[in-house]
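Both of the next two complexes hold chain A, though its partner changes from chain B to chain C.
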Partner chain A sequence: MTAFPATESTAPDLSAPILSVRELTTTIHTRGDARAVVENVSFDLVRGRSLAVVGESGAGKSMLIRSLLGVHAPGVDARVRGSARVMGVDMATADAFERRRVLRESIGMIHQDPLRSLNPTYRVGTQLTESRAFGNQRPSRRSLHRRAIEAMAAVGFRDPVREARLLPHELSGGQRQRIGIAAATLNEPALLIGDEPTTALDVTVQKRVLDLIDEMRERTGAALLLVTHDLAVAAERCDDLIVMRAGSVVEAGPTLQLLTAPEHPYTRALIDAIPRLDGPRTRRLCTPTEGNLS
Partner chain B sequence: MVAPELTLAAPGPSGARGPRARFAHTGIVLAAGWLALLTISALAAIAGAGADPLANDYEAINEPPSLAHLFGTDSLGRDIFSRSMHGAAASGLVALLTVVLGGGVGILIGVLAGLVRGAVEAFVGFVTDVTIALPSLIIVSAVVTLAGPSILTIGLIISAFTIPLFARLARAVTLSIATENHVLVARTLGASGWRILTREVLPAVLPLMMPVLMTTVAGAIVAEGALSFLGFGLRPPEPSWGALIAQGRAELSTASWLTLFPALMICITILSVNVLGEHFREASR
Partner chain C sequence: MTTAPALDVRDLTVGYGERTVLHGVSLAVPRGGCVGLVGESGSGKSTLVRTVIGLQRQRSGTVTVADDGPPNPVQMVFQDPISSLNPHRRVLDIVAEPDTIRGVGTRSDRREAASELLARVGLDPHRYGDAKPGKLSGGQAQRVAIARALMAKPSLLLCDEPVSSLDVSVQARVLNLFAELREETGLSMLFVTHDLAVVRMISDDVCVLNEGRIVERGPTEQVVTHPSHPYTRELLAAAPRLPRA
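Coming up: the complex of A and B.
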């Protein structure tokens, strides 16, 4: 007995998780020392849903992302146990070729620092075409260029043909992050990962960038895994929430439920730490007569 | 409360350069011009232009510089200008081998060690440490004595000794570049190791290696001159700058041009290479 009718067997199962993480544990080994930076993390993410991973700095959020992508900084002896399946491929055990294929075809990643994420020596248009020129299937240079221009137009560049010829330092922070989004979504990946994508941006640019990510997701139906320490961003943009502390998940669930009725004291502390305009002032502002302005 | 006035210096006219920058720019133009001229002259000399560097002319022995012989002649009547140009070709070959073999192989080994890390890095580190500790001049002299004095042998052995230097520096630079975000981004996009090496790391490493490359080229030219001067280089009558200086040494008081012009050629060439190296160093900052 099959769970689905035979006619549906060739169609993609939309309810199947795009990302399935099971008991993922990452240990960093140094000389004579080993420290678990991610411990027993498990979750699923299906098509079209968004999941935020929140926690303070050092909670293991970014290390979780690196572990499930299988991309660690050079020289770091990181040993991963458990599984992290992206479109059915276990990134923890897949060979380098298969892992690169999944990274190219199924995952788009938006990084934290838009300036440092772009190669300073290449024009942004070149970087966009480069980002999809990897692998065996190599489209022509002309078609890659056309797609890069289209991608730049899609993320709001008004004159993409001219702006594609600029170097990263010639763009503003928001423009650079839009290039990052264009690069991440150029291949219409099934899974979009944002590693603190708005941390380096001011609040107005932050909103535009997050709106843009939402627009791209609506168009492609991609799932979003958003790593952030900003609980407000997670509350506004994500369906589900994982709270991490010291490498472990302390609480997980639907965002609304978790924010309105948190069970773990750490989650409550995080929620209480959100600054409120109508909240009590902990520091009295000085008046001009009290200060040394004269 | 009165707001303090803030005076900003008026910007200079677009493209205006200070005296120091103008001086540096002139230096770069002169240095590049000299090296270009020397290369063309040496190539022309090899192609057969000008006087035969080995032809004796007993009617023009030890003639001082003149229109007929720009750098004068030696005790056998050979044209010093022509011999200097052929000497430039010898030095140019040593410089070329240093760039291609020393720089090319050394940088590639260093970059691979910095990217692959682990056992490869440890092995490269050990080999470079051992090689740098070797007495290079003595080994070069011994190899030239055993293998016979040819400019190819001299160039190969000198450039081989520069490989560890480049490898060590390239490895250090790569360790820094490999941790930069844009390299990590390329990896998360699924770039292969080869693509990361050729598109992300090497283009960032090479500009930083250019000043060292120029300094090492200068050192290699001096080393070839020194070896020839000491008698371990090309054997007479084959011309090289070091050999010309050594041959003219005995007649320094009576025919100073025999030593002066080859020495000047070495000095100006080394100065030019160093000026360009300094320019690359400034540009890579």
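Coming up: the complex of A and C.
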């Protein structure tokens, strides 16, 4: 994470952070009870950089994403303090119209399983360009179709004209995730957010999908915020790293430095708990215990 | 004293309808040994597991389990621990179930034995014995499932992705438990997983399954450091790695 000072200026500046999070705290309120799920998180993400948010279940990774997009599950009383600016727009205070504009134009979201976010009754080619059908310009159906075919070819579909006519369930997990990436990158957003995008995939497919995300970013210069439970994926794909635990940032810094010389015992413990393919064979893994987590 | 392997699978061919999923697979788990079976989705891992426990019929080939031991010589540990436990029953009764079914001892004998096993897998029986599965975390539930499997004193423990849905620190604890159990009880295991690094820690030998065929087998260390089949090399190359300190 590059430590840029928080600026109030919204003038176009290429070095200005695409995403700037300051003292973000989210509390979930349920019947007189309040629980902080994200606590005092601050970071900046600039153009072209990639930042991984890692942590175990309950660390607050998904709540962080929801909070910075200003999107919470229906019925959840989440109160967000602090700020999360995307291209200078504070998502917490922006009106619904402005927030939707930023979500549509500047952010591409890649979910864990695109099958859940795809409409099962629409052909993939049609819904791929759905986001283009709204907004100010309303392109013709034919040009939308052409755009969908191009986008599918760009993410490696061999026969996009045929494959665009398939329904989501007719695709494999890897193909669905490529549709997810095509949809997320269609508007060439400045910020790509991946929420465990390869967790459900086999390692060989995971590699192809992560390579594809890297290629798309190289083409467009998009910044990447990658939420993952897999430290090794973060290690290979991201410049910077944030380790979260119980809603708070435990440690943050350049990936290589953080993983080779962690300062916090929890980061150390997480690294040591992972079985490895290289180095001496271990018979026992170190496990984080309450004792060494000070 | 018998030297027959705990599990002996020979020339196993299994299919669904037109499709053949396993093509003449052979593998053996020696007594007290642990064999890792590695493969990706669609490789036939689950079909092999289902065939070994008799949920799926083979077209040809044989599955032989050493049966000089208990009446149910194969016990399973599943990927999703919560859904493999009856949500309405208490932990001690769940663990005691294999003996309950066979009518071994009195209820208090069985609960006593179950308590010991719970302690053995690292759960305090006084704290968790009367809990229901809904109160357990994923790692705790997996321990209960392991204790239940051990209750039947199996000749073979068949583990189907037993740590894949667990957080890394919980996974480490459960893997350590498997390693301890192997050393202390001489348990024979077939450990099915997609993760070669997990296999490297837990098992002496590995079989790599690809499209229904075992494409490579051997001592885990050798396969991991000097893979000979292109598919194994692809698997190893695709696995993301942490930098070394």
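Everything that follows uses one rule, which is that the second predicted complex is superposed on the first by the 265 of 294 C-alpha atoms of A that agree within 3 Å, B and C clash if a C-alpha of one lies under 4 Å from a C-alpha of the other, contacts with A are read in each partner's own complex, and residues count from 1 in each chain.
In this text, contacts are C-beta pairs under 8 Å (C-beta built on N, C-alpha and C of every residue); 3 or more make two chains touch, one makes a residue touch a chain.
This one's a predicted model, so the numbers in the text were calculated from it and none came from an experiment.
Touch criterion met: A:270 reaches chain C, while chain B stays clear of it. Touched residues of chain A, counted separately for chain B and chain C, are more numerous for C.
By the document's definition of touching, of the two partners only chain B reaches A:103; chain C does not. By the touch criterion defined above, A:183 lies against chain B but remains apart from chain C after alignment on the C-alpha atoms of chain A. Residue contacts after overlaying the shared chain place A:231 against chain C, while chain B stays out of touching range. By the touch criterion stated above, A:56 is placed in contact with chain C alone, chain B being left untouched. When both complexes are overlaid on chain A, the residue A:30 reaches neither chain B nor chain C.
Residue contacts after overlaying the shared chain place A:140 against neither chain B nor chain C. Every residue of chain C that touches chain A in the complex is listed here, in rising order: 40-41, 167-173, 175-176, 179, 194-198, 200-201, 221, 224, 234-245. Against chain C, the residues of chain A that register as touching in their complex are 56-57, 173, 202-207, 229-233, 235-237, 256, 259-261, 269-271, 273-279, 281-288. The residues of chain B lying in touch with chain A in their complex are 1, 115, 117, 175, 178-182, 184-192, 195, 199-200, 203-204.
Within the complex formed with chain B, the chain A residues making contact are 69, 71, 73-75, 99-105, 107, 109, 111, 113, 116-121, 130-131, 134-135, 183, 293-294.
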